[in-house]
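Following this line, the structures themselves.
In what follows, chain A forms one complex with chain B and a second complex with chain C.
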Partner chain A sequence: MNTNLKISNVTKIYPGCVANNNVSLEFNSGKIYALLGENGAGKSTLVKILSGVIIPDEGEIYLNENNLKLNSPSDAKKNDIGMVFQHFNLFETLSVFENLIIDSDEQRESLREKIDTIMKKYNFSIDLDIPVLNLSAGQKQKVEIIRCLIRSPKVLIMDEPTSVLTEQETSELFLSLKKFSEEGILIIYITHKLKEVMQLCDEVAVMRRGKLVSVSEIKNENIESLANKMVGQNLKTIKKKKAKTSSDQLIKITNLNFTSEDPFETNLMDINFSVNRGECLGIAGISGNGQSELFQVLSGEIISEKNSIEFNKNYIGDLNPQERREYLMAFSPEDRLEQAAIPQMKIFENVALNNFKSSNFFNNGLINENKIKEHSKKIISDFNVNTENIELKSQFLSGGNLQKLIIGRELITSPDLLICFNPTWGLDVGAINYIHETLIKINEQNKSIILISTDTDELLKLSDKISVIHKGKLSKIMNAEEVTSEKLGILMGGAN
Partner chain B sequence: MIIDINFIGLIIASIMASAVPLILASCGELITERSGVLNLGVEGMMIIGAISGFALMTVTGSLIIAIFGAMLAGVLISTIFAFLTQTLITNHVATGLALTIFGIGISAMIGKNFVGIPGKEFPVLFEGFKDTIPLLGPILFGHSIVFYFAFALPFITSYFLKKTKIGLIVRAVGDSPESASNQGINVRLVRYACILYGGAMSGLAGAYLSMIYTPQWIENMTGGRGWIALALVVFSTWNPIKILIGAMIFGGLTIIQFHMQAIGVRIPVQFLTALPYIVTIIVLVVISRDSRKIRLSTPSSLGKSFYKDN
Partner chain C sequence: MIKIVKRDQPSRAIFFFTPVLAIFLTLVAGGLIFFILGFKPFEALKFFFIVPIADKYGFSELLLKATPLCLIAIGLSFCFKSNNWNIGAEGQLTFGAIVSGGVALLFYEQEGFYILPIVILAGAIGGMLYASIPAILKTYFNTNEILVSLMLVYVSKLILDYLVVGPWSNPEGFNFPETRQFSDSAKLPLLFEGLRIHAGIFLALAAVVISWFVFYKTYLGFQMKVSGFSLKTAKYAGYKGKKMIILVFLISGACAGLAGVGEITGPIGQLHREISPDYGFTAIIVAFLGRLHPVGIIFASLVVAITYLGAETAQIFMQIPKYTGQVFQGMILFFLLASDYLLFFKFKFIGSKK
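Up next is the complex of A and B:
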């Protein structure tokens, strides 16, 4: 049977932001639809409306001509709309089976049979009796998909499903989605990754700042045309010049190990690498393979053996972050609003937190506010942070501006080494471009970078050398020119 | 010195009796906490239960009305907590502390008229079997219905959480209220129910103290047992069976240190009085030190307010 889903004049307004501005769209089963847009374009709001999580201020939704009133997620379920969320909606401490039975009315035995049939049909293999937190991201996503399939949905919505998957898992997912589509399930695929749209989808709707910009068939589009529609301007592409090969070693990590007491952190095993001056070492990997532990060990949040880290001919493994900064290291952690900055504090106060010895931010224990403010203003103008007001609380800065502020705060001391972890995660294209340019500039000034990132394209663009971290172990260090994203994908999946 | 075997049985029975209020209050709080709500008002709810039970017994003369009235009083006072934390989204910790202070104050006020009034005898079950088996007889028989209920409760609680659908929903809400809400579970309703249930059990624990354990009303008679019950929940890592063990150790040491004081052992009294608190916590920490299991049984959202975003 044909499924027809119609969104008609949907509007959702939040204080200070129109998330969806009069959006109308129509979908028919048998096709895979892409909903494309940058972070904050309003696509997540739109699909949350379709799944009953958010109630729109205005507008109607029709499924096969029936007007749906979706006031809660259970309304969406009753109307055969299934959704796989970007941040998984699973209960980590419950078993897979408990996660699946919780919203099902079926008996244990018959549900188990049903799940087994689904898993066989689509070639999934998941142990139903282990807690969800022991699953990989790909497996968790399969659990979410099974949860939808149990209800034989007419519509399946996937919200940024590949952000946590390896290349292999992504292609497996695409195969499954194509199979679902052939079986008559209407698929709506939300993403900001253009390659995926070209690869998977039949039609594409582009959103920008809450508005629907265009609807077109994939065969009439290419990556550039979609990118321009998405961003609303022509993008310049930046390229890195090949680094002057220097043999002046800046940092050397020898036999670094870290065993965590928390069983859900990753242990680091035998980490060995070195970075020369003017070089960028990229560390690729799927999130949760030891990146945050590695970052913490390198930054001094976790202290290791003195001799395991040699920086500029000093052994610094046992120093804390502040002491490491004195040796001209700088850090940009992954979580901008939790680790790098304190959201409730003002911009200039956050700047003062990075209190290096020569800063004179404090006199005899008193805060030297003028000095800090002057310093903050310099960062804001040097690093293109789009605000005048240094009294603004940091939580009100956009992700891109906050990241510029943090990188600026770190770089203004002109450190020899910057260690950054997912510096462009969740940023819009303009901010990403700026951060990338900045990082390239650092290398040109003969300073070094360790770039830990889950974005392979970013790594290939910026790195001179690349290694892959998998289950706490580093692969061998490769020259960036010899590496392809396919090869990285294989290493990220744990194969050799 | 010859010790009568039945005397040992009696000591064990008295240890079990002193563990009853802890088991009741802890198992109630365990359900509350498993749904992600931290209610520090256990002491307050217990003392309200204690005065309500005693007052209703004196006024109506009916033990059944008194017991259920005490549970209802626990439910009512926990409704205040639920309304504040779930509907008005106040901070769990501050609200719970306020609840305890409120409970102690109001119970003292109501209790003024009941000081010095003798309690009633509470009927015990299977009295006749007490002497049939040596040692076990006094342990197993001749106790109140509340006593038997308390010792069944950890097993019922464990079964409820592991095997029933509602138990699963409670754990799910405690693990991730956001996910639960997205699954169409009414998080607020579940949490309300769990808070009210915790209130009922604390009320019953209080009534046990004032009607059965020491049948009289004394101001502040819960004497910190509510806090111990809270500690038992945390240090047992939200495991009802370990709560039973912890409550027995605590009860046991309390009774034994009384006897030691009576015999005149040369250990400072203050140390003896502090002993049950310290040892119980140490033992529970040691038997629960598997960090994997802690992660799996700790309600991830404990004490965090849940706002629905739309």
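Up next is the complex of A and C:
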């Protein structure tokens, strides 16, 4: 049976931003549709409207010519629209089966039978009786998909499903999605990853700043054309020159271990690596494999044994972040809004978070506001932060501008080593390009970078050497030229 | 139709308006309660809020009650601003009073200008010592400071009880649970003949000025602000978290201890069982009503002090139980928290414009 989903003139306005501006789209079953756009382009708002989470200010939605009134997620379910969110909505401590039965009205026995049939049909193998916390990200996603399939949906919406998956899990997911599509389920795939669109989809709708920019067939597009549509300008491609090989060792980590008391953290086991001057060491991995702990150990938020970290011929394992900054290290954490900066504070106050002795931000315990402001103005102009008002609260900066401010703040000391964790996470393409250029420039000045990132493309673009972290252990360090994303994917999944 | 919409950013005007709104709503609700109890609401409110401060004596009493509230609330704002939840100021007040009272009793038949400063210092140290217990337990053993500081309140009250009944009770006091009267050298001087307002008010004003300076002009104040917003950021910036926790508790304890000194060396002049009508707890309301801002705390302490006086007047003239005062304090906090909703949301009238 054919399914036809029509979005007609949908508008959703938030204070200060038009999230969806008169968007009209039509989907037909049998095809896989990509909804492509940068962060903030309005694609999430649109799918939330389709799944009943958000009610649009104007516009209608029709499923097979029936006008749908979606006032809540349960309305969407009743109308056979299934949705798999980017972040899983599963109870970690309950078993897979318990998670599935929660929002189902079926009897235990018949539900179990139904799930078994679904799993057999699509070649899923998941133990229904183990707690969800023992599953890999890919398996958890399958549980979410099964949850939708139980209701035999007509429409299945996937919101950035591959952000937590390995390459292998991604290709498995694509196979399943193609199979669903053949069986007549209409699939809408939301992403900002161009490669995936090319691999998987039949048609692509591009959104930019709340508006629908284009709808086209994939066969008429290529990665560059889509990127330009998404960003709205022609992007220059950045390439890193091969670094001059240097044997001047800057930082050396020896037998570093970290055992956490928190069961939700990952223990680090026997970490060993070194980085030379002018080099970028990339650390790949699926999120949650110890990256956050590794960053904290390197920044000094977690203190380790003195001798485990040697920096510029000093042992600094027992120093806190402020003391490490005096040795010319700099840190850019993953969480911009809760750690690297305080949104409720003004820009210049956020600059004062990186307090090093020669800055004179604080003299004899008093705040030297003039000095801080002077410094902030320099950062804003040197790093292209799009504002002139340093009294502005930083919550009013876009993610990209905030990240520029943070990186600028960290680099103003001209550190020998910058450690950054997912520096471009959630940024738009323009800001990503800027950050990448900045990082390359650092290397060119013979300064070093440790780049912990979950974005494989970014790592391959910027790193000289790459290692993979899996369950708190580092793989051997490889030269970036010898590495492919497939190989990284295998290591990220834990195989050798 | 009225629709509730989230604000883009918390409104600064509303930030200072909500305490006023809270006080107004408290008056309305209070009037309603009086009405239900069978009193004339306006008359009752008049006895509660206007009669007590209508004369010179009343005004002096207002300042007398506001002084400890303001002092303690200033101290607490150091803790609250930096994400430390000291709710045991009442205990720190009591222990400060015990230590300073003990010192004052040592000098009970001596006179000298040096006695009062020693007594005051002893009170501050007593408060600090007592506040250091939850602080040290929190930093080194990860205990919850809310529980520890609260429970220590009752410990200090029992210690005081024991002392005034036992070892420190007045030998000529016919077994009343109280100590000797302190010598005049150990008492805070009165400011005006015939009024009870004493020099302790200068301690409170000094605390206001110093705290303003620390909050807005010093590195410590900056670190407190950062820690108050995000402990993760404070850690990332490399602030010495443990040191700061202990420091803010000590400051807070010193302020509460000083408030205790003010009570026993001011209007009371000796130690006995009831040295504080829960100033230490009420000051929590004062700190939040004053938005943790030194100037705000001055106004808040005056407003809340009226509830103490009003409760007494209302009891005398209208036979309304004096615990009504606590009802009013509770209502102020309740309405303040409720009207904080307006900080983040606003009402939008739909239909007027699109």
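Quick note on the criterion: the second predicted complex is superposed on the first by the 491 of 496 C-alpha atoms of A that agree within 3 Å, B and C clash if a C-alpha of one lies under 4 Å from a C-alpha of the other, contacts with A are read in each partner's own complex, and residues count from 1 in each chain.
The rule is short, and it goes like this: contacts are C-beta pairs under 8 Å (C-beta built on N, C-alpha and C of every residue); 3 or more make two chains touch, one makes a residue touch a chain.
Just so it is clear, the model here is predicted, and its values are computed rather than measured.
By the touch criterion stated above, A:353 is placed in contact with chain C alone, chain B being left untouched. Once chain A of one complex is fitted onto chain A of the other, the partner contacts of A:320 are limited to chain C, with no touch recorded for chain B. Judged by the touch definition given at the top, the superposed model places A:125 against neither chain B nor chain C. Touch criterion met: A:103 reaches chain B, while chain C stays clear of it.
Contacts of A:77 after superposition on the shared chain: chain B is touched, whereas chain C is not.
Looking at the shared chain after the overlay, A:344 reaches chain C, while chain B stays out of its contact range. In the overlay built on the shared chain, the residue A:220 is in contact with neither chain B nor chain C.
No residue of chain A is contacted both by chain B in one complex and by chain C in the other.
The part of chain A that touches chain C in the complex is made up of residues 15-16, 299-301, 320-325, 331, 333, 335, 338-342, 344-345, 349, 352-355, 362, 365-367, 393, 395-396.
The touching residues of chain A, counted against chain B in their complex, run 51-55, 72-74, 77, 85, 88-94, 98, 101-103, 131, 133, 261-264. Note for the complex: chain B touches chain A at residues 165, 168-169, 171-172, 175-176, 178-185, 291-292, 295-298, 300, 309-310.
Chain contact summary for the complex, chain C toward chain A: residues 5-9, 217-222, 225-226, 229-230, 232-233, 235-240.
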